[in-house]
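Chain IDs A, B, C and D follow the sequence of writing; residue 1 opens each chain.
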Amino acid sequence: MTSALQEYFDATIANEQRIEPRDWVPDGYRKTMVRQIAQHAHSEIIGMQPEGNWITRAPSLRRKAILLAKVQDEAGHGLYLYAAAETLGADRTELTENLIAGRQKYSSIFNYPTLTYADVGVIGWLVDGAAICNQVPLCRSSYGPYARAMIRICKEESFHQRQGYELLMTMMRGTQAQRDMVQEATNRWWWPALMMFGPPDADSTNTAQSMAWKIKRHTNDELRQRFVDMSVPQARALGVSLPDPQLRWNPEREHHDFGDIDWVEFKRVVSGHGPCNAERVAIRKAAHEEGAWVREAASAYAEKHAREEVMT
Amino acid sequence: GGDLAAYCLMLGDDALIASHRLQEWCTHGPELEDEVALANIGLDLLGQARLLLTRAGKADGTDRDEDAFAYFRAEGGFRNTRLVEAPNGDFAFSMARLLVFSAHRLALLDRLTDSRDPVLAAVAAKGVKEVTYHRDYAAGWVVRLGDGTSLSHQRMQDGLAALWPLVDELFQPHPVEHRLACAGVGVDPSTLRAEFDAVLAQILDKATLNRPTVDPAQAGGRDGQHSEALGTLLTEMQSVARAHPEATW
Amino acid sequence: MTSALQEYFDATIANEQRIEPRDWVPDGYRKTMVRQIAQHAHSEIIGMQPEGNWITRAPSLRRKAILLAKVQDEAGHGLYLYAAAETLGADRTELTENLIAGRQKYSSIFNYPTLTYADVGVIGWLVDGAAICNQVPLCRSSYGPYARAMIRICKEESFHQRQGYELLMTMMRGTQAQRDMVQEATNRWWWPALMMFGPPDADSTNTAQSMAWKIKRHTNDELRQRFVDMSVPQARALGVSLPDPQLRWNPEREHHDFGDIDWVEFKRVVSGHGPCNAERVAIRKAAHEEGAWVREAASAYAEKHAREEVMT
Amino acid sequence: GGDLAAYCLMLGDDALIASHRLQEWCTHGPELEDEVALANIGLDLLGQARLLLTRAGKADGTDRDEDAFAYFRAEGGFRNTRLVEAPNGDFAFSMARLLVFSAHRLALLDRLTDSRDPVLAAVAAKGVKEVTYHRDYAAGWVVRLGDGTSLSHQRMQDGLAALWPLVDELFQPHPVEHRLACAGVGVDPSTLRAEFDAVLAQILDKATLNRPTVDPAQAGGRDGQHSEALGTLLTEMQSVARAHPEATW
């Protein structure tokens, strides 16, 4: 029985067709997909914080509206993604509890602080830019609900990326203090953005199986290279330098060479000791715990009135 | 011109400050669905504020833009009611406030769609749809919390009681409102009270909550007399813009 | 028996000697004194809030130090006064609970908001000034512990009053915006300061008995007149106007005449409906409740270690 | 001159920001005695900050006064450690922080009384007495909360755990500290660690608390790299001064 199901699953993957919630999947595929989707959902939710930090202080009403809409989109992305994970049998409350207990991860990039309003722009440009590089191939993920969520998410993220870049362009045309802020924020975010693609291929453990299952389409290093090649001309157009003296065009490879990434820092942040890990999780935990009485009230109300409907 | 500008600031500042308080909920909501809803409502009100502040700058002849009003007025220049500036309190207080504010504003915008000022009429027409949703969202929570657990019932009742002294100000006609109402441009808010009371009575009844019987607090927001909370709010809201007065964003 | 005690009490009062904690006092005297001292203590504690509101925002480090020291003094005054009330058998925790439940009052003046840094100066000048007018005669209160507390408090309050006035002088020599702030704060606080002396003598119910017991030495209207006469030249020296068109020197009375006080507003604020009554009490209540676990821990520790001492 | 000025800012900013966090407790303390004590400690630290910032303005030759440093530097110009800028948390966290900060500072000021810079030596001599009281006050609460109820024990242990990643930064020598220590002007903070550890061990033992075993957080405060919390703090602290740059107070 299982072997017929396995064959059907393998054939679906091989034919580039999509796995749907009703389909049988191997345990490993289910676990890997749930982990991938949950981490992505958690990243959207935790990712609201570094930018959310600046909503009340946005320096113009137009920028405030853009930022508020963006952070709202991130909450929306979190919602789709948790829903996609639920199609694999995961439970949203449990996933949230995994997040706040530190049992599941989220993208390490959100453990860096946002120190000026330029960070809002740089997050749009570099962080959303890197996210898009990572995510565009996932629109062809073998798992249907995730692939469809990614299509919608990528569309919105590239909108956010353009808005971030436009903010930086405006700031670069402004005062010297604004230009300094942009440069300084670029310096702080560049290396963490490169780390978003994960460890080098040589050290990446899950890649082969994920590629076979078609839930990963390119290696970490391929995507990182694509991001660097994309960002260099953008930085030039903006008028900021990227903080890497070894960054230069290599005409033989037809790619940019770049310096070594500090993988010790990467591991420190991933393992929970980045600049803001504790605060980010604490805020999410506090919101979850302080909202408990509200959620309980909603359940009590729903139950009470469901009963009434039955009784009348 | 002066009256119209003052009126636009009243309605615009109410929306701007109410939006700010909703922005403060961001990343602190009880559920993701509420994060989305509260941000949406905050965005709608921010949009209304931008149109109204822009209109104020045209009407008073100074050609100030929305940001000049939002970021470079002192506290005494803000014309919002004290209801919207009060700190968020807990989720029950915030939902009670949103219900009261939306019920009032919906009644107001509904009349304002007939304003002789085409900009006000257009803002009102768009706003009616938005604020209908805001009111329904808030009413949903007021009912669920009121008729939820005994804890949520108590918190909702306490939130209403804390809020209620601030309700009257919404319906006290300012001379500007009175004059513009006579001119067919604005609305006399005292004419909205019956509708508001009826809506609230219905929702509070469904929520098994009592309408508080408390005396009204001192008003004065429409004349720039605010509570201590507004100063703190503006310090935060205006901080980046004022640190870089020459900047463009 | 009681009549001998009553005679001794009456003689002590008549001879301008002080009643001390060991002395017998009539019930009415005890109740009135406890109420008077508790209200005074509560006023010191609630009075920390309107100024405390500005400590973190004080515009110079010198002003910050002055303000922080002043607010600390107020906490200290609260401590002496609660201790004085305890000598009459009152319990501090109970008094605090009376305050936060709204069963005991505090000076209505603290129910007005502080809206600019000029309010810090005007509170020093007018509010502390009015308090001193009220309190200097209380240094001769027939109740010893209260009289002694008042001597210390009055000394510190007149220091605060001078500091407030000095801040205003400095601000009046500053920018136009600063001068406007001072005038505007004066406009807001003048009438509430006049109300600090309580209702007019004609409506004041407790005055006669309190004067007989020598726990009150002058009528409300006498003290109010003294304050007005004192403040007019101070306002002139400062260069601010007082917001009362009827205020003028009356050479026949050798006092200033002044306009009618809005006793309707006074009653509204006293009865709990001033601009900040709810917030002031809510903050005190929250501090008390949020501190409960700390106080419980301190008691538990003290008890545990008292036991240990006995056992070893 | 440059090194001495930078050093004065490090010690001055630590005191200034620590004082600000204590000021935030005002009217929120658990008992009146604590209101008095916390304000006193805040005042002592504010006094230290004023002397040190004034010294910095002399040492760097700019003749800037204490207020120029406090109110008109941007976030990146502040040289305090991240420990002092962290939000207050609950009373347990605040007392744990005050204990750690005071134990560190007492050890530091004690050595600094021998500084070749007479101003630093004088500030240190005065500060030693003050900070001894601060440390004893904080230790008293850490012990009572640690060995109080099971709730207070848990909160104290949690507060320590939340704080502990920020401890290491206090003892990491900055090049400026290193150079000034060699010159007999400053103190190399790494030489204070053993004394600090011994003091803490004794107090935590009495408090029945465990010393947390957590990795240190990212540092950088001495080079102007701060957490998000400092920006918010400065927005508030500097708001009035910056709204009136031409004013005298």
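In this section, contacts are C-beta pairs under 8 Å (C-beta built on N, C-alpha and C of every residue); 3 or more make two chains touch, one makes a residue touch a chain.
Please read these numbers as outputs of a predicted model, since none were measured by experiment.
The set of chains touching chain A and also touching chain D is given as B. Counting C-beta pairs in contact, the pair that comes out ahead of the other among B-C and C-D is C-D. If each chain is reduced to the centroid of its CA atoms, chain C and chain D end up 35 Å from each other.
With centres set at the average Cα position, the gap from chain B to chain D is 42 Å.
As a whole-number value, the distance joining the C-alpha centres of chain A and chain C reads 57 Å. Shared contact sites, meaning residues of chain D that touch two or more other chains, fall at 235-236, 239. Those residues of chain A in touch with two or more other chains are numbered 57.
Touching chain pairs in this entry, ordered by label, are A-B, A-D, B-C, B-D, C-D.
Residues of chain A that touch chain B in their complex: 45, 48-49, 52, 54-65, 68-69, 71-72, 75-76, 78-79, 82, 117, 167, 170-171, 173-175, 177-178, 283-284, 286-287, 290-298, 300-302, 304. Residues 16, 20, 23-24, 26-33, 35-36, 39-40, 42-43, 46-47, 49-50, 53, 66-67, 70-71, 91, 141, 143-145, 147-149, 151-152, 155, 236-237, 239-241, 244, 246-249 of chain B are the ones that touch chain A when the two sit in their complex.
Across the interface of their complex, chain A is touched by residues 75-76, 162, 165, 215-218, 226-228, 231, 235 of chain D.
Listing the residues of chain D that touch chain B in their complex gives 235-236, 239, 242-243. In the complex of the two chains, the chain C residues touching chain B come out as 50, 53, 57, 113-116, 184, 268, 271-276, 278-279, 282.
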